[in-house]
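Dropping the structures in below, format is structure tokens.
Two complexes follow with subunit A in common, the first pairing it with subunit B and the second with subunit C.
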Partner chain A sequence: MRVYRSVLKLRLVNGLQYRTAALAGVATQFFWGFIIIMVFEAFYEHAAQHLPISLKELIQYIWLQQAFLVFVTIWFRDNELFELITSGNIAYELCRPCGLYGFWYAKLLAQRLSSAILRCFPILMVAYFLPRPYNLILPSNFETFLLFLMGLLLGLFLLVAISMFVYISVFMTMSPMGSLLVFSVLGEFFAGLVIPIPLMPDWLQKLAMVLPFRWTADFPFRVYSGHIPEQEAMIGIAIQLGYLAALIWLGRIALNGALRRVVVQGG
Partner chain B sequence: MIKLEGISKSYRIAKRQAGLRQAAKALFHRDYTTVHALKDLSFSIQPGEIVGYIGPNGAGKSTTIKIMSGILVPDAGNCTIIGYTPWKDRARYVHNIGVVFGQRSQLWWDVPVIESFELLKDIYKIPYPDFNASLDLLIETLNLQDIVHAPVRQLSLGQRMRCEMAASLLHSPQILFLDEPTIGLDAVSKIAVRQFIKTINQEKGVTVILTTHDMNDIEALADRVLLIGKGSLLYDGRLEELRKHFGTQKTITADYKTAQQPFIIPGADLLSWSPERAVVSVDTANTNTSDVIMELSRQVDLTDISIDAKPIEETIVQLYKEYQI
Partner chain C sequence: MKLYWKCLLIHLKSQMQYRTSFWLLSLGQFFIPFSVFAGLYFLFERFGQIKGWQFYEVALCFSIIHMSFSISECFARGFDMFSSLVRKGDFDRLLVRPRSTFVQVLGSQFEFTRVGRMLQSLIVFIWALANLSIEWSLLKAATLGLMIASGVLLFTGIYILAATMCFWTVQGLEVANIFTDGGREMAQYPLNIYQKWVTRFFTYVIPFGTVNYIPLLYLLGKINRHELLYMLTPLAGSLFILPCLAVWQFGVRHYRSTGS
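And now, the complex of A and B:
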């Protein structure tokens, strides 16, 4: 456990160095957030039928998505790990007395955490003070907030577990870009990052429901806005835990398999 | 301590000719060739030895090191190192070894060296007193006082290599694998690295296996040499033996007052001749050097003479030729 803690610490310290990147990120996310909100606003104004999620709830969803972007996107990656695999520097990681899965998991988790710490608070704060109806509002009660927090953290753990498969696949493909594209296009779509899941057609919603991706973003954000009621949220958290256990278990098997056949590239 | 028996390892390599057409063809059908990196390799090493592991590029040196350090799984054969099979008991086994890959880095690029050391402390679960003791020792012997607090990216190659060495020894391993530790270093850094290897071997009894292309490393350090070529072990023994066996050639350079014509000396080959200077080579297995000098002084009026053993590099090149590797 100690190792994971120090990897986490080292990464956090390291990540906090990049202030300018964070500032640029915040600006981009605001810009992006506004565009998406405007698109949806136009869409809602001319909607013929009653939509399954209100614009107010959707705005909460979008600001949270922008604030916690690094918690929910697969393309936010660690190029160092890709390089380790494709250049053969993985040799050093392999002669350490700790499991590679846990080690990498800690690294990836720390990277997302350190980025999020710098980015989320300014976005959340400014979004809170925006004029209505574009502002972020507090959840209706404290329980909802707690459930959201748990859902968000578990969602992050789940996303890191999913992203581990991207890295594992690079052992076979040797192409980080290819693996990344496949995973992020599919994963982010089914997480509801492009279109919120309630707005998808029924058959697509059914598909999204059985995949693990929606539990990383769609679920916690809708818990926050109250679109998912508390009772349902608790069940959801149990499902997140189940998915997390399953994905970590599968990831370990896959990584061990990959390591048994590993070729250390480059002499 | 280290015992390898019949280790074999092969790689599959996708091959194609250059060009777009060939690349397109390779989308549907790939040709693979199998490269046998190691063929039935066996040797054993005793505690406290420094073993030089030499061979041309692609001979299988790094592959052997990777198998011995638990990174690669061989196709066949057994390997027992201090009671462990490296690739099976990896996590427990690696506590006992240190590895330095001269061409790679284990330090975190953007943070000061000491942060990487601290992380390694936690990875290897080194208790604080032990960590501080070995850190102090390493900082002192490797002369790291001024560089441990600098970010790795701002270190020179020589400085970084010294830090890499320290990183691999923080957990006081019994065995140290060095894969080309002196690659790219200047003469001063090379000597520092060699001195250090010698010190830890003598004072802490660390067994050292090092691969290198620099024969001076071997000459300065290794009691024993393993020569590998095309995945097979070709020679195992002392460096002097190797030299005695193959390096019996000596060259004699003679300066003399102007001579009219080339001379002939029985048992020696004339390599070059000018009216003032000649170089002859002598095979000391058949001819006595002193006889040649005596004969020389009888034929010309010598002003200066020097005798050189063939440099070990040339011996190795000759050896590679002999074994056709």
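And now, the complex of A and C:
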């Protein structure tokens, strides 16, 4: 465990170096958030029937999504790992006296975490001070906030576990682009990045509920805005834990299977 | 011009060497905007309309901007990737050749896998047109062509501006993405659904509005005066590329090699 922790720490420090890039990212995401909110505002203006999520809750959802974008996107990746696999340098990694799954997991986790730490605070802060109705508001009570934090953290763990499958699949395909594309298009859609889950048609919502993707980000954001009440949130966190255990277990099996058949060509 | 076609052909041949990878990437390019379009479809299923615009009207808007974007990304890729030329000092090589830098940079890279994205928007385009009852005339058909052409020029202009910035910053600037990706994302809806200041900025400063929103008003019969004026706005929008080219020339004159 200590090894993994130091990998995590090293990577965190490394990731925090890229401050200018993060600043540019913040500007882009800010613009993005505004555009999306304005589109929904226009949609809501003439909406007659009762809607499953209010505009105010939706605005919270969108700002959180922008602030924690790296907790949602599968596209955000570590090219180093891909190169290791395709070039055969994986042999070095196998020599290390620690489990590969945990090692990579810590690496990927740190990457997302450092990127999020750099980006989320400026976005959240500015979003908080925006004029109404565009502003981010604090959750209604402290328990909701705690539940949100827990959900967010578990969601991050879950997302990293999902993204591990992308890397494992490269053992089979040898080219990362294909699986990255499939995973990110499907995963991001069902995590509510294109349109929020509550606004999807019913049959699609049912599908999204079964898949693990919505538990990564959609769930904590809706807990924050109060769209999911506390009681349900508790159950949700239990489901998250279940998914996390299942995915890590499956991931380990898949990785071990892939490693047993790995062929390192000389060179 | 002959040189440009030659560059294009060489790049096409070289990318076709890896045929499977080429088609897979194209397929991927097909699905990225597909999921965005699916989102748009579901939103309309729920809400029915957006500020008086119907689904097929917005779909037309969407397809035009995505088509222009994919064409410009395919052919103006050289400017998009320009920062690497400057950083490695390869731009010096272009300067000593007896041809204009513009053609050389433009011909330095192409991205033909964008054909997938193009195909996706083409399908949406045809689908939208088939479901809209437009009284066709020669002028309207010409307007459609003008819209796409001006969209391509607009995106190219932004790429050139971003590339010119590299002369001073050396590093590529991510901020330019706000205007390319962000602009595309924004202009897939008619511009009048946004706040006034956004509409103004993207009509008069960076003329995304002239690419699809204003001419669409004419095309869909939403206005009944000054039709010719509305029709010709894409031409006005195309003028955007002129200052971009001027800035580029200015940048080239102030270029300092990184020396590596």
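The rule is short, and it goes like this: the second predicted complex is superposed on the first by the 265 of 267 C-alpha atoms of A that agree within 3 Å, B and C clash if a C-alpha of one lies under 4 Å from a C-alpha of the other, contacts with A are read in each partner's own complex, and residues count from 1 in each chain.
Following the convention adopted for this analysis, a residue touches a chain if its C-beta (ideal position, glycine included) is under 8 Å from a C-beta of that chain, and two chains touch if they have at least 3 such contacts.
Just so it is clear, the structure is predicted and the values come from calculations on it, not from any experiment.
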(request) State whether subunit B and subunit C clash or fit side by side on subunit A once the two structures are superposed. (result) fit
(request) Report for A:P131: first if it touches subunit B alone, second if subunit C alone, otherwise both or neither. (result) neither
(request) Would you please give the vertex angle at the Cα centre of subunit A, with arms pointing to the Cα centres of subunit B and subunit C, as a multiple of 10°? (result) 90
(request) Please indicate which partner A:C98 is in contact with in the superposed arrangement: first for subunit B, second for subunit C, both, or neither. (result) first
(request) Could you look at A:N89 and tell me whether it touches subunit B, subunit C, both or neither (first, second, both, neither)? (result) first
(message) Looking at A:W32, would you say it contacts subunit B, subunit C, both, or neither? Reply first, second, both or neither.
(response) second
(message) Tell me the contact category for A:R2 with respect to subunit B and subunit C: first, second, both or neither.
(response) first
(message) After the superposition on A, what does A:M177 contact: first (subunit B), second (subunit C), both or neither?
(response) second
(message) Contacts for A:V262 in the overlay, against subunit B (first) and subunit C (second): which applies, first, second, both or neither?
(response) first
(message) Quick check: superposed on A, how many Å separate the nearest Cα atoms of subunit B and subunit C?
(response) 6
(request) Starting from the residues of subunit A touching subunit B, keep only those that also touch subunit C in the other complex, and list them. (result) none
(message) Which stretch or stretches of subunit A touch subunit B in the complex?
(response) 2-3, 5-7, 10, 13-14, 17, 88-89, 91-92, 94-99, 260-264, 266-267
(message) Considering only the defined contacts, which subunit A positions touch subunit C in the complex?
(response) 21, 24-25, 27-28, 31-32, 34-35, 38-39, 42-47, 51, 175, 177-178, 181, 185, 188-189, 194-195, 199-201, 204
(request) Report the residues of subunit C in contact with subunit A in the complex, numbered from low to high. (result) 21, 24-25, 28, 31-32, 34-36, 38-39, 42-43, 45-47, 49-52, 173-175, 177-178, 181-182, 185-186, 189, 193-195, 198
(message) Going by the contact rule set out above, which residues of subunit B touch subunit A in the complex?
(response) 11, 58, 62, 66, 69-73, 90-92, 94-95, 97, 99, 101, 103-106, 108, 110-111, 115, 118-119, 122-125
